[in-house]
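One structure follows; several queries about it will come next.
Read from first to last, the chains carry the letters A, B, C and D; within each, the first residue is number 1.
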Amino acid sequence: MSTEIDKAIGELYGHPPQASDLVKLKVPDIAENGAVVPISVSTDIENVESISIYVEGNPNPLAATFELSPYIVAAVSTRIKMGKTSNVVAAVYSGGTVYTATQEVKVTIGGCGG
Amino acid sequence: MAIKGKAKLRGEKVQVKLLIKHVMETGLRVDAETGNKIPAYHITEVVGSWEGKEVFRSNLGPAVSKNPYLSFQLKGPSVGDTISFSSVDNKGIKDSGAAVVK
Amino acid sequence: MTISIFSTSKLSIFGLCVFALNATANPTNPDFNALWLEVDSFRKAAGIQGHEWRDTAKILLGAKEEFKVGNSEKAFVLLSKARAESIASLAQAAREKKSWKRRVIK
Amino acid sequence: MKKLAFLITGLTVALYGTILFAEPEAEQAAFKSYFHNKFPDVDKPDFINGVYALDSNAREQWMEIEEFPPYEIAIDEGEALFNNTRFTDGKSYGHCFGTRQHLRKKYPYFDNEKAQVVTMELAINDCREKHGAKPLEYKIGDLAKISAYLSYHSRGDVIDVIVSGPAAIQAYNKGKEYYYTKRGQLNFACVDCHVSSAGKRLRTEILSPSLGHVSHFPVYRLKWGSIGTLHRRFSGCNSQVRAKSQPGQSEDYRNLEFFLSYMSNDLEFNGPGVRR
């Protein structure tokens, strides 16, 4: 993971990230179109306070954050823009620890679809 | 109301999905005619509420796709309950919508 | 100095070559407008048959602009390009009148 | 003697008619079986899903977007436009179309009086003009939204284009010729990309099969970031092979739509759709 994302995570949560298998990140290996990349983050970690999504190759890596209440199950989805092939990072914040998962998404530039 | 919402009870959880009409301009694109940068214009915050309580809050940056889609799951609401949504963008323009749990 | 900027080999095939163009270094070549109109008529002829290419009209406009500001050499280069395109598109139109039939799935 | 002549004339006309008919029908069968043989693993009805019938990675992302597709906004806006528009004479779209249900499957059809192919988009603007309103732009915007709304309410209906009579067959043949003719600087015909090369990659794209091409329009293309009509896509294809594109609802595009729709007869309408 890049220091840029480490920094962004540090700024948001005040704690350094640690990679964890408990964070389930679902993104395509190859994006259909960088304009709309479906992404889902879920975890079995309890008492999740926040989930955030980062795109390494974007000028501002932080794409979105989700603040969770006790009513929320830790499973969120959205769609993000990606300018080029890069790592996508999901961070889950619970009990003073930031857990992360990383996956590369290949972005090919569109031509003719149909 | 431009926020479209859907809420479906599946087992014990309500799957909530919402779609907001918004250009989500990154601030990086250049206007082909004028050569000037198109200023960033995007939703900054989306809030979901149930029975007057805020249950969900999301902060969005310009890297979220045009016409943002968000989905989350709630524990608690039952069929017939209303989940309401509101959003605001970086120009302060507000939007809202609601979905009845099915 | 004489620069031959138009390939004449293709032209004669289609009987469209009414002149062999040798653009001279004279920046105010009086023939530009006549040549331009002719290439534009080729473009239109291809268009009527549904075979005009995407950029030919744009290139022709570009040639006109360049000529207007006195950039004659650039104007003739563009005009030459537009001419080649419009003639090739006319050739395509002629060829396709029959050859499309070979592709029909039977 | 007169009777005999009449009979012979009648027989000739009938025979002529049969010969004329035989061609589109046989061509349709050949077209379909080409794709069925080329992609034996694709369920026949699944051809309406285009490239997503062929590529599972792309299909998965597409299904995720279809969970709450961006064209739903267009459907809502199209509904409002269709129901709330009042022309200066007080009439509405309802006066032209009656119900909003099952409209899509009426189009395209060959109008013998007007001697031309009528598409749904053309009919929408005809309605406007009949009631004193300005026609809408054909490829994008409000017309595409109304088309999305009407297509949505015809989902599941079956494509059933009729090619009957000499004039209709002529339009069909013109559409066919357009489909098979190479155009543009790159010298490509529709058939070059969407038949023998369907399923193959062209740079980063998987080329979609022509069978079922018309079923899912209008589409919200991720590349466009908006909804657009079939004719917007046609002009995109023209432009990609560096041919001059035509205005929406040009005679060529309508004839092409007529031909392509006939080729996809018996498949279901499933528009609007999302495409990359």
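Going forward, a residue touches a chain if its C-beta (ideal position, glycine included) is under 8 Å from a C-beta of that chain, and two chains touch if they have at least 3 such contacts.
Bear in mind the structure is a predicted one, so any value in this text is a computation, not a measurement.
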Graph separation of chain B and chain C (steps between touching chains): 2
Most heavily contacting chain pair (counted by C-beta pairs in contact): A-B
CA centroid of chain A to CA centroid of chain C, Å: 53
Chain centre separation (chain A, chain D; CA means) in Å: 40
Length of the line joining the C-alpha centres of chain C and chain D, rounded to whole Å: 35
CA centroid of chain A to CA centroid of chain B, Å: 18
Contacts with 2+ other chains: residues of chain D: 65, 70, 225
Shared-contact residues (touching 2 or more other chains) in chain B: 66, 69, 71
Contacts with two or more other chains, residues of chain A listed in rising order: 35-37, 77, 79
Chain pairs in mutual contact under the definition given at the outset: A-B, A-D, B-D, C-D
Residue ranges of chain D touching chain B (in the complex, touch as defined): 65, 67-68, 70, 72-73, 76, 225
Chain A contact footprint on chain D (complex, rising order): 50-51, 57-58, 60-62, 64-65, 70, 193-194, 202-205, 207-208, 213, 221-223, 225, 233, 236-237, 240, 275-276
Complex contacts: residues of chain B adjacent to chain A: 13, 24, 26, 28, 50, 53-66, 68-76
Of all residues in chain A, those that touch chain B in their complex: 35-37, 55, 58-60, 62-69, 71-73, 75-82
Contacting residues of chain D [partner chain C, same complex]: 26-27, 30-31, 34, 176-178, 180-185, 187, 189, 191, 195, 238-239, 242-245, 252
